[in-house]
Each structure stands twice: as structure tokens, then as C-alpha cells.
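Heads up, the thing below is written out as C-alpha cells.
Labels for the chains are A, B and C, by order of writing; each one numbers its residues from 1.
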Amino acid sequence: MAEQAAIRHELAANLTVQQIKQLERRSRRESLGRAWYKFSRNPLSIVGVATVALVVLLAIFAPWVTPYPKHAGAFTDFAHAKIPPSLEHPFGTDQIGRDVLTRIIFGLRSSLLMGVVVLALVVPPGVLLGLLAGYYQGTWIDTVIMRVTDIFLSVPPLILALAVASVLKPNLWNGMMAVSLMWWPWYTRLVYGLGVALRNEYFVSAAEVTGASTAHIIFREILPNTISPILTKMSLDVAWVIIIGSMLSFVGLGVQPPEPSLGTMVADGSRYLPDQWWIAVFPALAIVVVVLGFNLLGDGVRDMFAAEEI
Amino acid sequence: MSADILTVTDLKKYFVIGQSGLLKREPITVKAVDGVSFAVREGETFGLVGESGSGKSTVAYTVVGMYRPTAGTITFRGQNPFANKTRPLALKKEIQIVYQDPGSSLNPRRSIKEIIELPLRIHRPDENRIEQVVRLLEMVELPPDYMYKYPRMLGGGEKQMVAIARALATNPSFVILDEPTSALDVSIQGKIINLLIRLQKEFHLSYLFITHDLSLMRNVASRVAIMYLGKICEVAETAEFFRNPYHPYTQMLLSSIPVVSEEEEKLKPQKIISTGEIPSPVNIPSGCSFHLRCPARMDICSRVDPVMIEVEKGHTVRCHLYARASESIPPSEQ
Amino acid sequence: MTVPPLVEIKNLHVHFSVYGGQLKVLDGVNFVMRSGEKVGLVGETGCGKTTTMKAILRVLPMPPARIPQGEIYFKGRDILKMSEGELAQIRGRGISMIFQDPTAALNPVFSIGEQLEAVIRYSSDQKKPLSPQEVHQRAIASLQEVALADPERLLRSYPIQLSGGMRQRVCIGMALATGPELLIADEPGTSLDVTIQDQILRLLRKLVEEKNTSIILITHTLGIVREMTDRVYVMYAGNMVEVAATKELFASPQHPYTRGLMDAVPRLTGGGVSDGIPGRIPNYLNPPPGCRFHPRCPQAIEICRREKPPTYKLSEAHEVACFLYADNGKGTQSS
């Protein structure tokens, strides 16, 4: 008996040394390959991921890739104001002579920053509350969390953001805080629905009847199964946050001049429509492209996590 | 005869599923289990057979502790598992369950190792876990490198083997098998069943085997109980049960089974054919709940719910036909 | 041959494109049935039964599905070469289908009457449209046929108000309302309880016999095949491995797979259960070479690993695709 146990132990130990890593690597590689296959089956997903990658790279390397990095700040050159698109200024210049292309690329920075920061602020608490309410479905915990969530959901989001931004000093950070305040309930709702369904899965019952702790069930059994829908929602939400951020900037409550922001640029440029159309149209197009890119990416992510057809 | 390991006495489990009426709100209850009594002996396989809505799974889930009984008692080796608000860990160790669909009973995001490790972590924290996982996999005839696989990489039969390994990880003495093969192909079923029988002998396990498949029951159970709409209507030793089915519902059930040979055809009660629908458990008929579908229905059946009568030694039936137990007529002579 | 068979499938291959390549699901399926026959198609989950039937109705999703090879004839006309218009006619009055899960087969937001009457309207002769009264009468008649009481009220009710057994009856009524020549029944009643399933199967058998409808019954339950059919095809991993008259097949199954399947069925007479068939259905991405069953076959010989077995004729109606019978008769190469 002891000998057999020793052999078994060795068997297991041998496995741990080389084969485990190999097995784990192989299974990970296969999962990745399968995920990419499902993602890339729709060509639009590739367009989405390419757009997003390009936008992110442009934003990161803005000072080096833009033709007139100085134009991103408080710069004026009235001699070259309102020049239509030309080789020197592909998207023209604005009312005080700054290169529109340069400012769009710098404007991407605040848009992306907003998307990333808002989601980072919103997802963890939203998910946690959703998990708790879902697990304790039907108890007072569920009632308290979900009714508070409902209250937040019933406040018109833009108005809440405007209110917060107008009470506090209007700037990018307060704008982000405002957007975050109205965004978390969506994640709570999403995870709550998933959690209620998962809670009744037999693998949860199996863990319960064997004596697993509540923390184990919530974080080890339920949470891993909610990751894919959360990621899908996040990739689609980046686009929404960027739109809201642009709206806040448009009405003057987001990024403050001379810092470039797509929303502010559209707002300022709209005064020169239709004659100097390029000042407003190109930043607007940039918003469209970024939002579309993230939406296509999100659709791809959703396909990636979808069940196999066969 | 060995001692009883589990005794269930007059077990009732009602679920409130809603309310009726606008002003006078009265709860709508489903009487999923309505007065069930049986005992499982040490080392035996007690088969609980029924169709959907019969309450057989509710009995199982109550015994394992997923539900608290509405009324009645459950005794496991002299202990009442529901004595305290939460079930003691020692009892969770003793009573384990294998669910019907391994696709939903194994967490798709956890590796086989993590799945089997959980009960070990809780109940046997001092032992070498990797070694135990290997031993358990070996026990259910799976190679050790399956540890690092995920449920989706396994076939249905293999997944069910993992579920069995997980149930046995706590070293239980009593295992509830809730239709362990009904989600699997018949070509795989045999292997699982024979594995379960082998493990039962090896570890002296007692099984409560829940199924809707009477043919399967014939081959695995030592005793069989038939449930219909929350109540047990017949209990007997397996061989006796199939030789002499008394209850009209049992006979209807037997006559409905599709079989593959002439010899089996002869065992089916020929005169009874299945009629009627299974009533909703929200609206259980008065008197004997089977009377609406019963070919041998009498006046009394719609009014009085029959009681269990022992018609032969160890063979009990809940039916007015056999009310005068001493002079009961065997079904073949009706 | 003056009268062509009702259905004839010749060397049908169906592939699905997935991650990693092509799933070669059907691998040269051959199938013939005459008008009026009751044919069973048995095999494990994932053996290609449903794919074959979907191919007959041409309802496979393409892509990912693809038919690189093969012909399917319905009364002598190649279904794979038909126009959508011709196909619509065949689907309406030629072939009907009953599904395993009656709940999924009925649309929950339309009443039974709306769904049943729509089926009757669409499948009637478009040149001589039926009056609303006629449609209604036919709907009532088809519900009475499936032994449902109070058809008038039933037509007004919604699927959720019916029990599983009643829904399956409605589905059968709907499938037969158009007077099809062929009924494909995919695991009818298997999702129902055994006493209800028994009623459904008896009803189905009575109706197809009365109307002389041909039926293909797809199932993995051997007992159902035995009670319902005249002839059985046994399918394994995209191949027809054995075909025989039902009585003969149950009396003397020949293919090792069929034998394994029969042995695996628990018997009411007791005596324990056999271990079944070792292993599992192959991965269709890289199916085993030669006979696809050889890795699980207790009697596999050298040639099974290399070559795909042709079909050997054991008697008039009994054919087996297995090298064990190579001496037994004149093998007819199947692909």
C-alpha cells in the first residue's frame, strides 16, 4: 500500500514538473486560438480591433506622430487661422491657427483616458454589488442593493453628470467622477442577473452541500462565469463613455481649453459652420471612428465568447 | 438484514410559488413531497422511481440539505441533520450527491483538479491533495493528467466520472445518485453504472438512486419505491417488485416502457395502457391522486386517500384495491 | 425501376467549418426507403442522425455546413439541385418534421390556432386558396385526429397553457395537417415522461398507418425503434453501419457496434448491465482512418485501421459495413 502510494505520489510529482506546464500551455494556446478564430470570423471585428489599436497608438505617441505638437496647447497663429485642408494641414487649421489633425490626435488622449478611468472606477464596485445581491437573492441584502441601483438608474445620466460637474470645478477628472457615479448600476444589474442564474446551477449546490464557504462560492464558483459578459459590456461601454465625455466637453463641463478635446473642438468649430466646415467636421468624424471602432471590437468580443454553433 | 442508515418519516416539502387573489392573498403552494416515508439500509441501493413532478428529486435535495423539510423527520444514523440551523460539517462529509447533468454540475471555469480538490480542502485538509486527486481519478478509471483539463474537454461520461470522484472525495457513507446516467448515451451508461456498483462494494456505500428508468432500476436497486405526485405508492424488493407489481400506476409505468426483447415484453402488464395526463402538482386531485388515470378506479378513490398496506412481506402498496390486505388479489387475476 | 424510391441518399458527405479545420460529420451516407415504409434511424448523440435529416430538408446552415459530395433524391428528384420554390413545395406537402422538444417547436406568442391555420394555408394549393372557414375546419379536424378534446378552445389557447404531452400532440397534428408523404420524427416524445411518451408513440403509429404516411424515426432509444418501425438503419460517426428489417436486427445484430449498443440496454429481466462500448464517438476534425469504429471495436482487425469497410449483403434486407463479413457475401463498395 505504502509503496503504491509512493508511486502515485511520484507520478503526480513528475506530472507537476514538466507535464503540467506543457499541458497548461497547450490548453491555453488552444483556448486562445479558438477565441481568435471566433473573433476573426467576422471581418468587421478585425476592422474594429485595427481601428482601436491605431487610435490607442496615436494617442500614446501623440507628441511624436503629430505634425505640430506645439499646437496642442495654448498656441495662437492668427496669420494661419482657418486654412482649409491642404498638404501642410491635412485637416486644416482652426480659428486661431492651430492644426486640426494635431489637436484631434491629442484629443484622443483625453477621450481614451476617460474611457479607461471610468471603467476602472465603475466595474469593480458594480460587479461586487451585483454578485452579493445575486447570491443573496430574495433577502434584504438583495433588496437594499437593487433598490439603490434602481434609484441611480432612474436619474437621467447626463443631468446627474451635468449637476456634479457644475457643482464641482468643471474639468476632466470631475467629469469622469460624474460619469462613474451613474455608470456602476449597469454592471450591478448585469452581474445580478447572471448571479441569480448561476446561483441555481448544480455546481454551486455541489459546493454548498459539501460545505464550501460563501466567499468561495461567490468568488471562485460564480465570478469566473461572469467574466465574459462583463468584458463584452466593457468593450462596448468604452464607446459610450467616450460619447458622454465628448458631450460634457461640448457643453463646456469636461476638458477645459486650451487642452484639446474632441467634444470641445466640435463645439467651438460649430460656430464656423458651414464656411470653415473642417474645424468641426473632422473632430466629429474622429468621434464617430473611435466609437465605431470600439463597438465593432465589442461585437467581436461578444462573438468570441458565444457558444460554439456545433 | 442490515440496519437502516437513513430513515425518512412523513416528509413534506411544500413550495410557495405565488399568490392568488387580489384582495385576499392566498399563497399558491406546490406540494412537491407530501408525506413520504422510507428507510435506506446500510450498504443497499434504494431506488426511487418517478416521472417529472413526482417529487423524487425534491426528496433527494432535502436529504442532502439543499432544502429544509416543511414537516416530517429525517434521521441519518440516529442524528437529525436539521436539528441546527446549519448542517454540521461531519454530516456534509457523510452525505454526498451526484447530479443528473454533469454539464451543469461541474463549473466550466474550473479545472478538474480544482473541482476535486474543493471537498478535500474542506474535509481532509491534512492530506497531500495532489496525491488524493490522483487516487480519486484512478478510482473512477481516469488518467491522472485529466487533472489539468477543463470540463468542456471531456466527454459526457468522463464528466460524470469526475462528478463521482468529487462526491467520493469526502469519504462519504451515503451517496444520492440523482439520475446519474439519464443525460448520457446508453453505450456509456453501463460503464458508469458498473463503476458505481464496484465502488459501492469497495467502500460499503449506501445509495439512494433516483431515476425514471425502471429497466435500469431492475438491474441496480435492491429495493424500489415508486413515487407519483409527491407520494410513494409502492415499495418492494426489486425482484418481487417486477414479478408482482400491484399498484395500477406501477403497472401503467411498466407497460409503457419501450423494451428490446420478447422476454421483456412478457413482463409488461398487457392489459393496462397509459391514459391521461399527469396532473400539475399545484392542483393535485382529491382522494387518491392517481384516480383520474386509474383503470381500476372505484367510488372511494376520488374521496379517500388510501394508506400504505403491506400486501406481502416487505411489499407495501398505497391503493384501495388492496384495502383488505389479508385477502388481496394478485394483479394477474384481476 | 419504374417507381423511384421515396427517399434515396447516395454517398452524402457533410462538412462543417470550425476552428482548426473541417468537421467531417457525414462520411458517405447511403439510405433508401420506399413509399409507405416505417424506417428507424438509431445511433448515439452526435452520430449524424439529425444532420442527415436536416440535409434532406435542406435546412443545414450553410456556411458553416458544406456538402462536398453526394445526392439526395425525393421521388427521383435531386433535392440538392432544387430551386427555393420547388423546395418550398416539398417542405410543405412532401415532407413534414416533428421535433424532440415540442416547446421549442411552437412559437409562444401565437395561439395554437394561428400557427396551425398558417401551416394549413401555406401548404394548400396556392392557385385555389382555401376560405377562412375551410382552413378553420381543417385545423379542427387535425386536432381531433390527434385525440385532443375541445379543439375550438384549444385553437384559441397558447402553447404555455398546454402540457408537454398536449404540445407534442399539437405538433403531430400540425405535421400531418398538410398530408405529407413523408414524416421525419426526431426523437418524438423523448423529452416527455414515459407514460406520456407511450401515448404519443401509439398515436403516431396509429396515424401513420391510417394515412399510409412514410416515416423516418430518429432516436437513440432502441426500444422505440423496435415498437415503431419495419426497418432500421444503425448509424455511427457519419456512416450507416448496418441496415436490416427490425425483427431481424433485434434477433441477430451483426455489426460490432450494433451488438454493443444492444448489450448496453438495461433489461427488464435483470441480470446486470454490460459495460457498454469503450471510448467515445470520435472527433470529427480528425476521424480515425479506415473504419471509424475501429478504435472502439473489440473485434477490430488489421484492415479496419487502413480501409473503410464496404457494405456486405447478408440477406435481401440485411447489410453490414464491416470487414468481419468480407467472406460472407459480395461486398458492394459504398464509397
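To be clear about the criterion, a contact is a pair of C-beta atoms (placed from the backbone, for glycine too) under 8 Å apart; a residue touches a chain by one contact, two chains touch by 3 or more.
In this text the structure is predicted, and so the values were computed from the model without any measurement.
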- Task: Using the touch rule from the top, work out which pair, A-C or A-B, shares more C-beta pairs.
- Result: A-B
- Message: Relative to chain C, which chain's C-alpha centre is the most remote?
- Response: A
- Message: Rounded to a whole Å, what is the gap between the Cα centroids of chain B and chain C?
- Response: 33
- What whole-Å value do you get for the distance between chain A and chain B if each is reduced to the mean of its CA atoms? 49
- Can you name the residues of chain C that touch chain A in the complex? 16, 18-20, 23, 61, 64
- Message: Under the stated contact criterion, what part of chain A meets chain B in this complex?
- Response: 5, 8-9, 11-13, 15-16, 19-20, 23-24, 27, 201-203, 205-212, 216, 220-221, 224-225, 227
- Item | Partner chain C, residues of chain B touching it in the complex | 51-52, 155-158, 185-191, 193-194, 212-216, 218-220, 238-239, 242, 252-261, 263-264, 267-268, 273-275, 277-278, 280
- Query: Contact residues on chain C for chain B in the complex?
  - Reply: 44-45, 163, 165-166, 193-199, 201-202, 220-224, 226-227, 250, 260-278, 280-281
- Message: If we count contacts the way the header does, which residues on chain A are in touch with chain C in the complex?
- Response: 33-34, 37-38, 308-310
